[in-house]
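I've put the structures underneath this note.
The same subunit A turns up in both complexes below, where it pairs with subunit B and then with subunit C.
Right after this comes the complex of A and B.
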């Protein structure tokens, strides 16, 4: 660490105003503050809230919390591949894991290179400090797409969402919509044939660098939700639900395992990065709506099955709780979460076109979060005004 | 002749093409720009129709502007526009039936296009026929220009074709290229119009 610090200090003058590598100043600054806490202090006379943990460190917690789901997702990619080839007996744990690792790694690299490339360019162009928001989005994006998504599509979608959902609103902390979900929404509406559940997109069927297996014939694996939508929501058997809790089902890379997501959720709640109010109320809203749908006879799916299938748990833990796009008032968080859960289950059950409603629900509520906050604040003002008049 | 193409008249014609573009600057006529631009051909036809209607309604209103009672001027303008729209619609049905089917109600809805009423109220009611004609042509072509840009991008990326001819070569599709389905949706045309306005404003920043 010491050697790195010395090295950075040595090359630093090159990047300052007038140095020969000034064009890469924001890149240097971004990497330096990623590795070390910045030494600069705030100017006298400005008002600041001080915390030992800055937003780079905050986002590091999110990335650590995502690791269990990501690692399990890699394993599941290999597992689904072996299952598709009918070679499950021959496959070893590490063989399956490394296969998944090789399948997922290019997506992570593409997502970071494109996203950070745009962020660095914009920061340099506007003479601003690099904003770190993309560190989390960059790893979230590969986790919410099917494993067979072509890399060029991913690159276009990431560029689209970083420019049009984030930078034009003013960058990190100013965006209305969650950039990771905008990426997925772009892919979902632009290239529906590689994003939806009734085809071969969820399982990688080619071997990579000699690892894994090539499926002998095209293997069709729908996600359980996609299957249910095709069968008219006939409900799920015990085995499917058990697999869904462990995560051994076809699905987007990071969303399948409820256990791994739960580990991440515990870390986020323990460190206070994510709001428990949002997280819990998403589940409450989804449960209520699922129960209502079940009682009304619109669906055969048990109310709690919604939690373990598809992207519900992943969205509730990692997407809905994004502090930038969620409601900011404490009361507003309950309503925000409740409505996400309600809308997600409504889309799942009542809209035959989209078996998965979590993405659309969160994006919709992103839009309404400022309105929720406004109503909460106004109500508070009027209540206090009344109280003051009474006395 | 010199008077017909004086500097003022040239500006009346050229301003709406760029600095005072009806879509990019005045942000008028957005609805039809979103609705008809999924392919290039209807976009061109729509742009030309609007150009013709704007030009001639401008001329007609300008000719009779002194005899229109002020209180009922909107009704008079609407009657003129409606008559011209009907004529254009019938001509399209007669000579370009396929395109008129594609454009469906949007030809009829030219009557509600804000650009028309805007030009009639703001220009034709106060200026002579020749200036009004130039203004109508300029505004119509300014509108058509944006429509063609949006239609070009949307047809190229959404269908891989231009005017119905395949542009994206076959080997791209064989190597995994796919048309962007979102380009064929109206939502994306709003984003493209936004990007056009963005580009237009950053180019013309100094001139304001």
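Right after this comes the complex of A and C.
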């Protein structure tokens, strides 16, 4: 530990202004602050002591919270593959998991390499410290795409989102839209054939490095939500719902298991990294709308089935609670979450083209979050103005 | 029945090195300094030359724009140095003490009766003696303007920040002076005294000539700004004056004896102090003799703070006690600390409001040794609602900070910048995961706003 510290101190001058490795300063900074707590002390004229928490810590906890869903997602990729090949009996737990791991890992690597590469370059160019925001986005992105998404598409989508949805606004903390969802939206609108529900995209049908199985013939597996949409939103049987809660259904890599997402949600709520106000009100909004739709006879799906199908739970826990793009006022958070739930279910039931509504609902509310906050803050302002007049 | 205001928002940080309630003596260091920067917003005009003889109460410098506002010597002796910095800015005026503490008398022939009768008399006496300079005015948190008509004077009788002075202890034996001070201030404007729910001294709970309000809650409940916001918030066009509780005792001494006496009972506290306790010190006193033998021997760097850990300025053992300071804190600097993988380690000895650390497990009793590291990199505001949890005022702190950063003056006004001072943001700056320098941002914002409105 001491040796590493001394080594870093020794090579540090090379990366500073005028050093021969100055072009890699942001990379060095990033790695140094990753290894050691920064030694900068507070300047004169500010608070002398600080809380130990920083954005690195909080974002690390988001990533930890994502791990159960990610690991289960890997297992489910293998499970679906075995199911498609009709070889479920022969498949072992570890066999399925390693298959899924090999299928998902390249996506994580591509997402991080492309995204962080751009972030490091921009940080170097703007002479800023590298920011850790993309560490969370970079792992979220592979979790919300179908397992068969080609890597080159993913790379283009990540680059598009990091540059146009984040960096041009000023980087982490300044973006209007959630970068991970912009990636997905980009894929969705640019390459609809590889992203839509009814085709063969949800299940990987080729074996990888001898693991897994190759399906004997083209196998189509729609997500339960897609199936329901095709049948005019007929309801579900018990078995489907049970599988959906466990997560053994086709879908985007990380979104299927409500139980795994729930574990992540517990960690986020306990540590206070995510706002419980947003998370809960998304479910309340979705439940209310689902109930209304059911009463009006527009759908036969039970109101709470929406929670366990598709990306609703994943979106509510990990996407809607992104603090940068969500409402920032405490009162605003209730409205923001409520409207996401309402719009998501509304899009699901009333939109004939595509069965899922969560992504679009969150992106739409990202756009409206500043307006919600504006209304809340404006109330405080008018209170102050009235107080001055009353006197 | 006194009004009790309960505050829920805020944060008490339990730090190691709280002062024991014992008063010790300090050897006179011989050199004193009055620092113009301690009196925020004032342009000094030095009225003494090096080599001049001064008594306690003789003016050292005056405000260029309001020459009647004098800043007077805390000791008798010889002016030894007028220290100037870039562009001849006056950094300090130093006085070499002669050890006699001869004080100028501000009372006339009637032994002071006439001098403290009316509002004009009291005002003139405070201006002449240099105590007026201890008034701060809001908006802007700067030295008060004697031409203003404040709607009220606010005094907070407690400091809620960690490692701060316990005013109730300091008050013991000086109750009469404190009351005399309050009564004098009451001639200028209505006086509001904010006391803590834990304070029981009769001199506070039954103080005369003022309205007492009890505040019950965590830091920064002791900040006078928070108290103003709950008792009588400042609207545009209004002015409120504030004064430190110990400075009210200065006023009381002047009213009783006609002489200036700027002796404070300051707390020397912090984890790097061997035996934290109270010391009798005079405003502007050099810190050398105070710190001698009191600092823990350590192989790491130490940070000496003129003032509180939350609001004070980093100084050295050669520094001087600031005009408004009620404590001197010493903590580890921490710049020689090589802590690994902070983003994931449990870090049991670190304090955090976030449950991603373990400090919630240990309860409120555990004392922490915190160093001066920022413990993170500066970022844009990422996480929301952090400031609001520790900001017990009816103001959207995050939005106000953004308005200041973007220089949007109309919005700053609308969001209530006139009600705040940098110190009100101290706890918010402590908990901020984006590590923004909120106090500095607010100070700069107030300065720009003041220039624009002048």
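Operating definition for what follows: the second predicted complex is superposed on the first by the 371 of 391 C-alpha atoms of A that agree within 3 Å, B and C clash if a C-alpha of one lies under 4 Å from a C-alpha of the other, contacts with A are read in each partner's own complex, and residues count from 1 in each chain.
Rule of thumb we're sticking to: a residue touches a chain if its C-beta (ideal position, glycine included) is under 8 Å from a C-beta of that chain, and two chains touch if they have at least 3 such contacts.
Keep in mind that this is a model prediction, so the values were computed, not measured.
Trainee: Go through the superposed model and pick first if A:194 touches only subunit B, second if only subunit C, both, or neither.
Mentor: Touch status of A:194: first partner only.
Trainee: Between subunit B (first) and subunit C (second), which does A:3 come into contact with in this model arrangement: first, second, both, or neither?
Mentor: Touch partners of A:3: none, neither subunit B nor subunit C.
Trainee: In the superposed model, does subunit B or subunit C contact more residues of subunit A?
Mentor: Residues of subunit A touched, subunit B against subunit C: more for C.
Trainee: Could you look at A:238 and tell me whether it touches subunit B, subunit C, both or neither (first, second, both, neither)?
Mentor: neither
Trainee: Which holds for A:381: it touches subunit B only (first), subunit C only (second), both, or neither?
Mentor: second
Trainee: Answer with first, second, both or neither: which of subunit B and subunit C does A:295 touch in the superposed model?
Mentor: neither
Trainee: Per the contact definition in the header, classify A:186: touching subunit B only (first), subunit C only (second), both, or neither.
Mentor: Only subunit B is touched by A:186; subunit C is not.
Trainee: Report for A:60: first if it touches subunit B alone, second if subunit C alone, otherwise both or neither.
Mentor: second
Trainee: Any idea which subunit A residues touch subunit C in the complex?
Mentor: Where subunit A meets subunit C, its residues are 1-2, 5, 33-58, 60-61, 129, 131, 133, 170-174, 270-273, 275, 323-324, 326-330, 377, 380-381, 383-385, 387-388, 391.
Trainee: Which residues of subunit A touch subunit B in the complex?
Mentor: Residues of subunit A touching subunit B: 150, 152-153, 164, 168, 186, 189-194.
Trainee: Can you list the subunit C residues touching subunit A in their complex?
Mentor: For this pair, the touching residues of subunit C are 13, 15, 233, 235-238, 303, 305, 309-314, 329, 331, 333-344, 347, 350-357, 370-385, 388, 394-396, 398-399, 414-416, 426, 429-435, 437-440, 443.
Trainee: Give every residue of subunit B touching subunit A within the complex, in rising order.
Mentor: For subunit B paired with subunit A, touching residues are 176-178, 180-183, 185, 187, 191, 198.
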